[in-house]
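Paired with chain B in one complex and with chain C in the other, chain A is shared by the two complexes that follow.
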Partner chain A sequence: MSRPATPWLLLAVPLAVFGALFVLPLANMLLLSLQTFDRTTGATGGLTLNNYGKFLGDPFYLGILGRTLKLAALATCVTLVLGYPVAFHLHLSTGRRRAYLTLLVLAPLLISVVVRSFGWLVILGPNGLVNSTLRGAGVISEPLRLLYTESAIVLGLTHVFLSFMVLSIATALGRIDPAVVRAAQILGANPVQTFLRVILPLSLPGVAAGSLIVFTLSMSAFITPALLGGPRVKVMSYLAYQQTLLLSDWPYGSAIAFVLLALTAVSVLLYLRALERGRFRMVFR
Partner chain B sequence: MRGRLSFLGVWSWAVYGFVLAPIVVILLASLTAAEYTSFPPQGLSLRWYLEIPRHPEFLESLWISLVVAVVSGTLATALGTPAALALVRYRFRGRELLNGFFLSPLMLPAVILGVALLQFYTRAGITRTPLALVCGHLVITVPYVVRLVSASLAGMDPSLERAALILGATPWKAFTRVTLPLVAPGVIAGAAFATIVSFDDVSIALFLASPKTTTLPVRIFTYIEQTFDPLVTAVCSLLVLLTAAAVIVIERSVGLGRLFGTEEAATPAARSR
Partner chain C sequence: MATVELEGVSKAYGAHRAVHELSLAVASGESVALLGPSGCGKTTTLNMIAGFLDPDAGHIRIDGRPVSGVPPYRRNIGMVFQHYALFPHLTVADNLAFGLRMRKVDRSEIARRVGGALDLVHMGGLERRYPRELSGGQQQRVALARALVVEPAVLLLDEPLSNLDAKLRQAMREEIVDLQQRLGITTIFVTHDQEEALAIARRIAVMDAGRVEQIGTPEAIYGRPRTEFVARFIGEANLLPGEVVGSEPGGLRVRIDVGPLILAPPEAGIKPGDRVLVMIRPEKVHVRPARAGAPGNRIEATVKSVSFLGAVTRCHLTAGAQELIVTTGDPANLPAAGERAVLEWGVEDCRLLAGSRG
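Right, the complex of A and B next:
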């Protein structure tokens, strides 16, 4: 059963496939990002950092980078505010009711992101739910432009990633030892004190994990910002798509992709460091 | 306590309403009789559903999506299951590192993968074929299989397999008659999830698709980017109904909670009540 060669026998094929399909393409992209774009041959020439210089030296591109960060941070805050009470409600429910509520949180994850973002197009569009209602009530005469704005992107991202926040917080709440909560009550804490001094701090690992997931997914989300923001409100992922597929400038598209990757990684590391040093660091051990 | 409970209830149902709103809106808007998408719909009719068969590109794309999803789901299961077995059942140098390696595509933004795969497959000469789509989808589906199968292997008592070996079963027999049936729910969940992830993917397929190999989500995406008429609303609502059917089947057979790994997390709290 435990001859030392066995795990490698099992791993050989998966590793070879992953190496060929995953590692080589990324290495190839890194190489491309260091080459120069040429209209006839695609990418040519020796290695250079020009593509990265072009990005970091241009306020237009830096603005897109800043917007990507801002929208991801906003989406994370909104999902947290919306999701925490939902997670708590889910945590307090029991039996079949709990099963149905869990299904309600999970099921949207299985519906295609394209379809869910499209729903917002119908709601926010010029003949959509919001504009029809406001016009019917006589508040406005001309339809408002709700689509292709930063708010529309934040709304869409919140909708698509909310389930991850709820699940993450509900899991953390489920891990809290009920004896700790009872101890607080026996020692005379009122419900508000119990929540603020015991439950909330102990649920912070779930809040942290959920925020991290929502933030990184929002940073790199493509479909939602592409449909609800479009070319008018570009984010980093759309820029990489545009440069690569629409303008065929592969070296620059690759460089943008790596900037996005590096930015995501740095934000995650900074966030984790902040948690380790924060006031509630003991609950993260 | 009661006051807080009702606040939680009202807030939660409002949020659930927000979650369901776009889906309900699509279903209702697809029933419009008008020439343009509007909400509330203008009149009621099924005319846009009847319009779908006149646009064979949607049906062709649905077929391509299904084939690619089933093939990548199957291959991902065949690759991910032995990998998970090696990673959970054996202790060897570099195990942690390899575990991280197999899960790493999940951390990588899909668009970045799409860009990288397009460039590489063009060099390899396989873009614009269904093979490129399957290869691309393997990268994003194998991690889910590895994770789900690992989770169910970790929950299994290894002494059961040892007992079979002591009682004289060959290692192969012990594996097929004891281990495999015990981890079958994890393998099925992994296969189901891999198939769904492949079917839903846009970010990677968008880069690898050609006019002949456009998957349904990519077809819808590029259609919506141009215009959104009631035809695409009807296609989307059919997709929602298809997904709903899949959700019911999965919930009845394996349980959605297991698919997302929330089952274990939910039980201790449920037991404490």
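Right, the complex of A and C next:
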């Protein structure tokens, strides 16, 4: 066996699986998105960009696109703000305590998304925990509408994806050479200055990785926005689902999915580019 | 410049005593090496002086003032770390400017001092490079400049040369000595490399198991080690176990276990009847062919091997179970392997150490 062939042989099976189960269906969907839908005959021949034109020309659809982007960005920011202190605490703890904290951080991932979202329904519903408590305390007389709002979606997404953010940042913090932190201290930096000038910049790769994971997962999340936003507060994934499965318009549903994919990819690329050209670009090499 | 004093300083990690009742006084402008094997507590000591660790007991004073409770960032100490610990996200210039910015030095002054410090370590022109774009030796220089640019009261060096190759180590060693003397800065450095300690420091504190075994000039430590540990750790030593059998005007008469009676200079605390180790440095021993004979300190041995090492030739010998090493600059008259030889040394060239094995 010649050396250069070995890696390819090892990769053959995963590549075949990846090709058959991911690339082929995606190519098929791309083709589908370029076809025309007819109520009687289904998807038919003749490649056209009409589906994309329909989407990009309609403020209704563009609004949903904007909302998806906004909610994903919000979920990313909230997980970052909540996750960084948790990650820092996790990083500073050791031994048994660290193991338990890690388990606690991972806990949301141990429960099915559906169950977790139903949990939020119970908490946020008109007669849920929040409303009944507030009413019992006499703070409000009418139940607040907490469910089927953008905030509910952000809350649900944050709950699920916080783990990814915390673990990414904790990993990056763990990679910082403790001597570098000591060097900052001995050079006269107090704890706040040490954090802002050394620890924070050096943890940016973790912040970047965490944000990318949370953002892409939030962009394409389906169950959480579907259950906590419902048909009232639609996002792109829900729209694609509606078109494909409820209205059987597979070509348009495919086009929506590809717009989402393109937007996610472009956002990620712009983000990475900004980081790699930013002030702390050296950290990412 | 400042003095550094440690008085009865102890530090334990659980049951392990890392540093035990250590006392050390470093004069202003002096350079002292903490020398010892890994785990002897030398780095723990350095970290306590820097303020990264608090002693469990004892006092540390810098310039006469106790520093307990003073955080590292208020101690005005410069430190060079073993792996340099440069800030990877900052350029060379920003690495150097870091400490000055923390001290709120104004911009033009920062630029002037950073330039000066880089010139001091021959790194001018590399201001805009990032640490990972530098070689090991260059990183070492930047680390040194970064520690010195803030004009610290004390300079601490933690195994500063251990990550450089042999040739570069030699060059940097000379450079550090030169800088230390030119700036006259009080310097404490930690090393496990005896050669480094002998070359850089004006005084050496040899440490073992959390205690200082001996403090003295390099010459004193090498020539007059006080314990077996120091004798073995610094340079090579022939250690011959024996027993003091009598006292004479010329010194103490010692019966060496493998045979002969020898004469050694008196040593405080050692009296007839004591078990001792006779220490002789390999270069102080003279090898003669077996037939030559003169009275004095001598022992017969068999040559095991002779290796020519350039400037010196090393000779391994055995006398019974006793292994002996001799080095000489003149290999001409050495007996060959397998031959018998006589080893001789002067009374003043050996030392008596308290015997460790009874």
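Observations, loosely collected:
What we mean here is this: the second predicted complex is superposed on the first by the 265 of 285 C-alpha atoms of A that agree within 3 Å, B and C clash if a C-alpha of one lies under 4 Å from a C-alpha of the other, contacts with A are read in each partner's own complex, and residues count from 1 in each chain.
Note that a residue touches a chain if its C-beta (ideal position, glycine included) is under 8 Å from a C-beta of that chain, and two chains touch if they have at least 3 such contacts.
A quick note: this is a predicted structure, and the numbers were derived from the prediction, not measured.
Aligning the two structures on chain A places chain B and chain C side by side, free of any clash. Of the two partner chains, neither chain B nor chain C is touched by A:I169. By the touch criterion stated above, A:V233 is placed in contact with neither chain B nor chain C.
Between the Cα centres of chain B and chain C, as seen from that of chain A, there is an angle of 80°, stated in steps of 10. By the document's definition of touching, neither partner reaches A:V78: not chain B, not chain C. By the touch criterion defined above, A:I186 lies against chain C but remains apart from chain B after alignment on the C-alpha atoms of chain A. After overlaying the two complexes on the shared chain, residue contacts for A:V154 are found with neither chain B nor chain C. Judged by the touch definition given at the top, the superposed model places A:A208 against neither chain B nor chain C. Within the superposed three-chain arrangement, the count of touched residues of chain A is higher for B, of the candidates chain B and chain C.
When both complexes are overlaid on chain A, the residue A:L34 reaches neither chain B nor chain C. Superposition on chain A places chain B within reach of chain C only down to 10 Å, the least C-alpha distance between them. Chain contact summary for the complex, chain A toward chain C: residues 177, 179-180, 182-190, 193-194, 197-198, 201-202, 280, 282-283, 285.
Contacts from chain C toward chain A in the complex involve residues 50-52, 71-79, 81-83, 85-90, 98-99, 102-103, 130, 132, 146, 150. The touching residues of chain B, when paired with chain A in their complex, are 1, 4-5, 7-9, 11-12, 15-16, 18-23, 25-26, 29, 36-40, 79-80, 82-83, 85-87, 89-90, 92, 95, 98, 101-102, 105, 107-121, 123, 135-136, 138-139, 142, 161-162, 165, 171, 196, 200, 202-203, 206-207, 217, 220-221, 224-225, 228, 232-233, 236, 239-240, 243-244, 246-247, 251, 256-257, 259-260, 262, 265-266, 268-270, 272-273. The part of chain A that touches chain B in the complex is made up of residues 1-2, 4, 6-8, 10-11, 13-15, 17-18, 21-22, 24-26, 28-29, 32, 82-83, 85-86, 88-92, 94, 98-99, 101-123, 125, 127-129, 132, 159, 162-163, 167, 170-171, 173-175, 178, 191, 216, 219-220, 222-223, 226-227, 230, 237, 240-241, 244-245, 250, 253-254, 257-258, 260-261, 264.
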